[in-house]
Amino acid sequence: MSKWIPLWLHKLSSPPTFYRFAGALRPWLLALALLTGAIALYGGLVLAPADYQQGDAYRIIFIHVPSAWMSLFIYGVMGFAAFVALVWRIKLAEVVAMESAPIGAAFTFITLVTGSLWGKPMWGTWWTWDARLTSELVLLFLYLGVIGLYHAFEDRRQGARAAAFLALIGIINVPIVHFSVNWWNTLHQGSTIRLLGPSTIAPGMLWPLLTMMLATKFYYLASLFGRVRTDLLDLESGKDWVRTIATGSTLQ
Amino acid sequence: MNPTRKRRLIVVLLVVAAATVAVGLGVFALQQNMNYLFTPSQVQSGAASSHKTFRLGGMVKAGSIQRSKTSLLATFTVVDADGAMPVEYTGILPDLFRDNQSVIATGHMDNAHFVATEVLAKHDETYMPKELKDAMAKAHKDKPMPEGSDAGGSP
Amino acid sequence: MSRPGLANACAAMLRRDLTLAWRRRGDIAMPVLYALIVTMLFPFALGPEDTLLQRIAGGVVLVTILLAMLLALDAMFSSDIEDGSLEQLVLAPQPLALMLAVKILAHWLTTALPLIVISPLLAGMLHLPTAVMPVLVLALLLSTPMLSLLGAILVALTAGTRRSGMLLALMLLPLCVPVVIFAAGAVAASQQGLPWLAPIAWLGAALVLLLVLAPLACAAALRIALDA
Amino acid sequence: MNGGSLQHFFAMGGYAGYLWPAYAVFFVVLFVDFLAPLLRRRRLLRELRARLARKAARQSRQAPTPTEPA
Amino acid sequence: MTAAPTAATDNVILLETRELGFYRQDEPVFASLNFRLRSGELGLIEGDNGSGKTTLMRILAGLLHVDEGELYWHGQPLQREHCVGEVLFLGHQLGLKADLSPSENLQVAVGLHGYRAQTTLSAALAEVGLSGYDDEPVRRLSAGQKKRAALARLVLLPATLWLLDEPYANLDRTGIALVNRLLEEHLARDGAALVTSHGAVSFHGGEPQRIRMHA
């Protein structure tokens, strides 16, 4: 089964190797996230002009939209890692899937709260049962379910596999929820940034948005690496490499 | 055929059969008319007459907004391509509520006008500075901004 | 030695679960009682205003029945896990998914069916028009098996854990959102005199798919959960 | 940037009450998310060191190495 | 691993483990376990509490995933589908429904597994000494009688390999003799059995293969 995995990936998926790799990369990722985040904030809050319709309130998109993207992107990563974990039983994949869930939940929560803070002045309501909002809420519940199931097991690896299974079921569920709620005509606007055809956003507003998207991606990787490192220490606490780290004088 | 393969084949056949039935039912369901939003012209043609409460969707007619000086009562007209419906609403209207804005109002008919219990403003997915918008508006004289389709993948 | 046919095995399982349920008849009555009490509370909480009760009747009955089923869901495999019957079932020379499907059917017959039988009474308590009742029952007939099937997957996933009541609710909620939307949509449409076949057709489509996929998923989940 | 324009900036065209809480939520949630594993890691390592110390003490007390229960 | 050579070398190798190991939370429960079980042979798995006897049984039954090493069934790498219906497992939990009578319980088992040749339900109950109890719910039986009801499955159902986890627990002297008789009959039919026990077992039908468990 492991012959399908390239050798370097196989090596990287060994916990001590990944621990060192992630430890070396994490500060750089964090620095990149902070740098791009700062640029995006300056661009979004100071440089970008006010919107013709929404005035300054639209500036919430610079965090709302990247967070919403991340909430879905992280679910995708989690689902992929969950699949790998279930099929090939690779420990690192289990850990990546399980440690992605809290970050995804954090971004989903941010999306919901900032969306609410945007919806009140613009639509006139904090919340509406529209397809996007509802599927985002369901996404939050899925994340919480995965986290809850993971922690309900005494055996961590068994919990990870059960929660990974739930994550896979959830992947199918999110679009279904979206379309089922779509019935009740939707209030949320369409997609602004399109892969095909021109974006309907002015360039001065677009670049901070894209930069922030990049920043959240870097942040996700930095946070994920930190979480995975911690979880590996916990899971492998009986192994020699962890003992060396624990007793070593430097907290590396 | 060995039992494992046979079992797998049965499972695959069952899944395919179920998917076929499900697709059939889905196609049938799509052919049914599911309309939860009525435009003023539909209301006037009597399409919504069987409902007590329904949703009215359309654009706010320019210059039709009248606010009461003593209360929160507001009256305005919602129009679509070839219909208009007077609406009355008591409450605080959202900031985006203005002339030529797409709105969705929930409520019921009272004689010839619509009494709304909730008014929501729908904004489009276009973001641009005011100057640019003015410039564009000048370019395509009195052409409304394109209302985007809702088929996008990202929120 | 002779291996029994699938039909025999299914019949044996169904008979076993139904006999067990019959020996504990009191447990069957509990969800019904629960649904009656919850429905009764609504007029008290909202006031006996007919129009208001009528408007919410369909949704209230659906949600009440969903919650009543959730109450009974936990017990779907718990006794079988405790006494080792589930291990024996996993090791039996029969397709596990099929056996689980039979167990789910037995569970549906003993928990959901009594609820569907009293659903007109529940709806009547909230003054749902009689003309809408058949649609409500039809919606329930299609949606409750889905809740049983989805619930079975989640119960199987939590089979290896001790505290699972709240967790089960948290996990089931996102999965049953579409089911509730379509079932309630059909009832509401019928109540407003609109065509209600479309949501019923969607429910049917989902049910057909779940009937095949859920037992397979349930079997996989159970193997994961027992693997410790 | 003088005081007036700074004030103008913070007012955000009258939407300050919505905009700034949104940004605050964004940063607070992500900060907590980032801090949680670091704290957990510190605790883990402390516990592990304590466990190893206890084990070493146990082994030095009983000169012949005892068989650890699996 | 000490696997004493036995006389039954002419029979086919039914089950073989190669370097089998199992970990719980990365702590080895047992490691590099090697043994061969031939048809007509009894394997006695010995070890202290916590040495992984039950874990091994559950692995062999197919309830637990193999972490390390390989399992062979008739010389082929073991897959679940190959040994389906050939293995009977008797674990700590007996798999009896407390609200059903012994015969009802057995009927369910027969419905899933089928009958072994030339057995009937009443004969099986008589053999384990539960003749008068076939309408009593299992809940009201004593611990030893419950065990006997579970043993009746061994009499009634077809299988090549028996995996018996602590079959002597809760049994009186006649019960122990019953287990031994059932084992002897099973081995005489060219069946094989693996039995765990942490106590001394006096098995009269020839010297069993002893498999010691340690981490």
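In this document, chain identifiers A, B, C, D and E correspond to the written order of the chains, with residue numbering beginning at 1 in each.
The criterion applied here is as follows: contacts are C-beta pairs under 8 Å (C-beta built on N, C-alpha and C of every residue); 3 or more make two chains touch, one makes a residue touch a chain.
Small disclaimer: the values here were computed from a predicted structure and weren't measured.
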Longest centre-to-centre distance from chain C, chain (CA-based): D
Most widely separated chain from chain B, with each centre as the mean of CA atoms: E
Between A-C and A-E, the pair joined by more C-beta contacts: A-C
Geometric centre distance via CA averages, chain C-chain B, whole Å: 34
Approximate Å spacing (C-alpha centroids) for the pair chain C, chain E: 37
For chain B paired with chain D, centre-to-centre distance based on mean C-alpha positions, whole Å: 45
Residues of chain E touching at least two other chains: 27, 65
Residues of chain D whose C-beta touches two or more other chains: none
Two or more partner chains touched - positions in chain C: 202, 227-228
Touching residues on chain C, where the partner in the complex is chain A: 153-154, 157-158, 160-164, 167, 170-171, 173-175, 177-178, 181-182, 185, 202, 217, 220-221, 224-225, 227-228
Interface residues, chain E side, partner chain C - complex: 61-65, 84-85, 87-89, 91-100, 104, 107-117, 137, 158
Touching residues (chain side chain A, partner chain C) in the complex: 86, 134, 138-139, 141-142, 144-145, 148-149, 152-155, 158-159, 161-162, 165-166, 169-170, 173, 176-177, 180-181, 183
Chain B residues touching chain A - in the complex, by the definition given at the top: 34, 36-37, 55, 57, 92-97, 104, 118-134, 146, 148-155
Touching residues on chain E, where the partner in the complex is chain A: 24-27, 65
